[in-house]
């Protein structure tokens, strides 16, 4: 139940209907005369800049990285080609990479999620961006191609979200990998593709799986869902939580976050689980463990927090579905009993609500540090395999976000560090320490997680 | 901050002062004429039986094991020598082992913790128990020796808590290991000793580390501390929690449990941490992260939840310590400011409160299953090394406790199991999935995270 | 800090810009040829009907009243003139009044809050509605006048929200009061006006203050704010609550709801108070009691839950205000520190978020029962004074909402009722029992709450 | 469900069995040769002094009163005869009254609750105390008589808890009332008796009902029960709260406190109620509202928080009761299902746990201020009737406890006070404002809700 694709619901100040010309058919230049980009409308740059400035305030870690890079430029010489959602938060990441010395060319990883104003602001700022909201399938690949197929410029780092960019280079420009120092991939899907490549012996550069970093996982799942479940339900319905009966299917990190939030708001929460250990946790946390069919008639809301496709249970002839608003259906029994089903049973936070900028800040910082690590790693540290972010850098991502909370970390004295057998600067926990049930990918990968150095859990084997 | 030694505060109906004769100098027999035991007073058996019956009601999993064993006897032929706290809960375990077919001889792992009445009930029931409250150091080893040094009976399984029994056999009767099929060890200290033996190449039988099983860890730490912190504070002081300012040092599982409970009772809680990831978790959970010296003057209560010996900070000349009750000191500043310090800064739940029987039920069930597994494992499954409880048996411990909560586990359909790539009967998670930050042993072991070869976790097996 | 004016943020399917003609200049008729209304566009009726149907599902009490009224019509003969927000929820109320036998004519109490589609659906259904979104001041009074100044129809009941309708009749058609049996008023302001009339001896009909009914107060304040504070903050900013430092000014019901919700979401909450009893409650609930200036520099969010105009503290020359989105300002200190201020410090739930339909259901049911009570009361029960809703009817409003939660009320046996000295059917508490600090109007009224019968608290006097 | 009688469970250092001589037959003197007291053993004074000193630290308000009284002595000339529980907390009260200028003579209101060591310390300090643990009925009245029937000393103030002292004086020494300025009564029962006297026209001095002061009510019920329910359950059973199913009968203040605490500890809580408004509150707070018989078979724990005698439901022939420990019964169904019943269904905090000193501090401070008020009131302010503590003094009790929490109250500016229509120094709320459902005495009084004349609440005064 890991969630890594975000649909932005941020305000869009312009209407796509106002101009039917395809961006590919337009000749636009920014105020400095640069035209190496393809976006909806360069005139929207001011609006986009405003959104970027708001985002900067919730992304303190990237701003801190910029400050520290005023002397040295850890990405000097880096030529990063990126393919991610293009939102205000991504813009803060790109401008940070630039401040650290990198050159960037960027495409969108999703045909709908681009904030046109932000793309305009980036183009105005000199970035070669190729993306707009509402691309066709053909546009999508054309934009990716424009990022990599450019005379006199060859990428040496890849930042991917979903694996499409990596796939395109594999297919069209395999020689390009000779100069590429590494791939940073953030999505479940993209990571899966990389492991398959690795398994097939076809991965020809090191890749870093940032999806499974501890800090990112905690924020993507537990902390994010705790807030977004309430937000998503309120925005799509005006339901009052107090007194509502809710069944939450699955008690992993996502389920735990949802349950905690709803309980705090006065809902009566039931849980379904297949794993007895998670089930016992639900019991100890005060939730009745039930089977879905035992409560389905009495609950008001059903929330799915599993990887299973169990929404289909409600697609039976005797049940009537009524679409009440976008993303919200009522499922109605013959006797009139109704339940609210969100997003047709798909993952809620993927569909119905915004993800807080602060969560995206964790992700973006993790991506930036992974790029820095791969780009600067001494020869031989990383081989042609998939790696997890080193523990110490994961801790560094966390520490960069502490000042936001005016949080004061205790430092070990030399004596204490010695007593505990720890380095004063971390890492403070072994690699396999998970800070909560942060991951579950047994079902996704043929072999768990791997490599041959100490930051790779893969060497845990099942005899 | 793992806690595995329990001091029992259960009612003791008799006073040790009533009889000054050493049990070693007494000749006692039970009602059937059997005298192969050495305890305080066989006449207390009825009182002890009552305590055991009360404990049985909160130990449903062992009772279920007994029921399932009415046909087959998975421990038939097993000769278990044990060295643990001798309490009502242990008695339920011993009588379960017996019901499963085992013969048992038992000593106490602690000179103070024996419940004399329970020992009497066990002796009356035919168990060879050698233990009483208030043993001398010499008595302690004498009792252990009486368990193993017996004509015509040789143990083939060891159940140890602290490693003293194992140590004694290593030292005095090394040949005995030829018949021993395995060791089950539950304490941090004992497990540490086993890893050292293994490292030195001296471990000559398989050993199972039940201390680090997921279910046991969660209950020993998070769930147990959530309740015992309140209980311990109330019993030792009559402090009202509402409005009190508390600093909790350490935000691992123990710290998380304490913080959650105190917050729920209306305390204002501060946290100190050295690890930035745990620190960020504390922030997201709503606790101000501070350094101890920033708040020490303003807080009412200091609670230590770390492995560090940081109580010494308060042993300075300008501070006055005043013992107000057993286990409770006031530390007083020159200007009159006081804080309450419990257990002189030692781990609280080790000292000041009882551990719920239900928590002990988890531990005892884990021990019983580990014994069954080691005793019945086919040749070659376990080598001369230290193993974690197989994931599936860990899940089984959890599932045996679900009926207590009238909890209904969902079963996967064949189709769903296939989709998820899982066996319908588990295990449901990979070995390294940790369900919360259940363990930390970097500081305890010489080869913390795998070291030069693959780390110890790999030794988990799936049967 | 009582809140009774709601701005609806429900979806509006049509754009007011599409038609510049004033409704007053249009001739519209519904599908049955009736033209006795004045609204934006009768063609939007279908959209409005959909919104009304959705609202009906969260207003079970009114639907229950309709069902019970299928035989008797408690409002048969009632001619109700109303002036409230015109929303889907009001429509459910109006259609309920109609089902109970009443005739209705209706205007809007606010020039912006009318949902044009709903007004259209009402007009299509035969209601004489005079309201549209974006009325001018002149339109506003014209609409009210059209409701009352109609040939051959004279109101005998008034349902008012704010007192403008009552004021208009006093001023223009004082003789109309001869036929009016009573006024039901729901707003703080309107109730204040009525008490002033009563004090001046000018109140010439009975009036019922439904603003201060216990059930309504609890829902308007505690339960509503607990949810709407989160919703309002999320919709206007994308702030993550976890770890944020928040100061809540005032710990009455509104403040209590806000604090509880934010604490549950992981915010660190400070409270300011002037009343030592409320202050002590805040302490016991786990909130640090501070003065605003002690924390203003360190907090991220300031929330005002008092009747006091204390936002002005932030309007100083050294502070810069930056409008980041509608309703959201950043206040910036010279050194860059920012706080988020919502609604320029005005009451948040009045401005930034929707109020759940279920809360409006409580209000609407209270209004309906007050109308029924006043209309059917025997001669002499009510004099020319302001009354609170009788306790028993307040309990009836609550009981009508219990089925929503599948809640099963326990009934007293005859013996138990006798033992407790209660009537089996209620009222169960004395009039002054408040179920939480449900009201505060010492500052609003010259004399508290009054009348001469047992449901009037006014007889409590200060010697 | 108001609770005002406390059984102390504080440590008692001496055993009553060590000396069988009745205190009435002993001749004891304190170290200054004073023998005007009758207690168990004057030699225990040092132990008692230690308990008093510990109590002082949690009773900051009384200590503050002492400090303020160093100049003026508001009780100079007061001769207070008291009849309350004699515990360390009462000792702090008595020594405060003495510091304020009063002379005191004291008896116990309960034959079991006296802490002998504390009584010894008081006697050693010069107080005329007549009380010991384990008095006979005859001793009880003898002690009371010794307090009042003394040559050359006549009380002018009464501090009573239960009304026995008042009753004794009425019966034996009615003329004594001529000099008595007032009665302060803290118990429900005693207050009831006073109202009956008043109703019968027999109350011949002013009486102050401190039982129903807002601050005291909140602490006696909501805050105290929130903590003592957990403490009481843990001390009497070693039940783990997590996952337990509990039904709480009654959702007044006591029930609300219990429910909140148990929910926070991971229990699944059901509520029964007869009042629809309280029932709706339970729903909104996230508790399923049920009838007892719907859940009685499935719950583990039943807690009664009502004034009703509903425990008898479990005294049926088919149910077996098993006493497992003092105060703890198991009720067993024919099929083996058990529930834990505490205190045979009597009010739990009255029986099974200690009440925190801080709660008693609120009560004691309220009593002290009531004595000061009655003693110093100008002629005519109070008549021969029963009064509530003036609102302003109630606020003063609260404010005296704020420094414990380092809580900073905000002061109104002149302008703000004027805007709000409040006096800057309070009272801040009208008399009938209840800060939560602080009282319920419909069942206790003959004229519950005002009756034929204005209800009792009116007798509150603002000084």
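Each chain carries a letter (A, B, C and D) given by its place in the written order, and its residues are counted from 1.
What we mean here is this: a contact is a pair of C-beta atoms (placed from the backbone, for glycine too) under 8 Å apart; a residue touches a chain by one contact, two chains touch by 3 or more.
These are the chains along with the protein names UniProt gives them: A, B, C, D = Adenosylhomocysteinase like 2b.
As the structure is a prediction and not an experimental result, all values here were calculated from the model.
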* To do: Please identify which chain has its centre, taken as the mean of its CA atoms, farthest from the centre of chain B.
  => C
* Chain pair with the higher count of C-beta pairs in contact (C-D, A-C) -> C-D
* Asked: Between C-D, B-D or A-D, which shows the same interface as A-B, counting it as a repeat when over half of the contact pairs match?
  -> C-D
* Intercentroid distance (Cα basis), chain C paired with chain B, Å -> 57
* To do: Could you tell me the distance, in whole angstrom, between the mean C-alpha positions of chain C and chain D?
  => 40
* For chain C, what residues touch not just one other chain but two or more? -> 223, 242-243, 265-266, 283-284, 288, 405, 407
* Provide the residue numbers of chain B that touch chain C in the complex, in ascending order. => 242-243, 263, 265-268, 283-288
* To do: Report the residues of chain D in contact with chain C in the complex, numbered from low to high.
  => 214-215, 218, 223, 272-284, 288-292, 294, 307-310, 394-396, 398-399, 401-402, 405-412, 416, 419-422, 426, 428-440, 442-443, 448-450, 454-455, 457-458, 460-462
* Where on chain B is chain D touching in the complex? -> 10-11, 54, 57-58, 223, 226-227, 230-231, 234-235, 238-243, 245, 261, 264-266, 298, 324-325, 338, 354, 356-359, 404-407
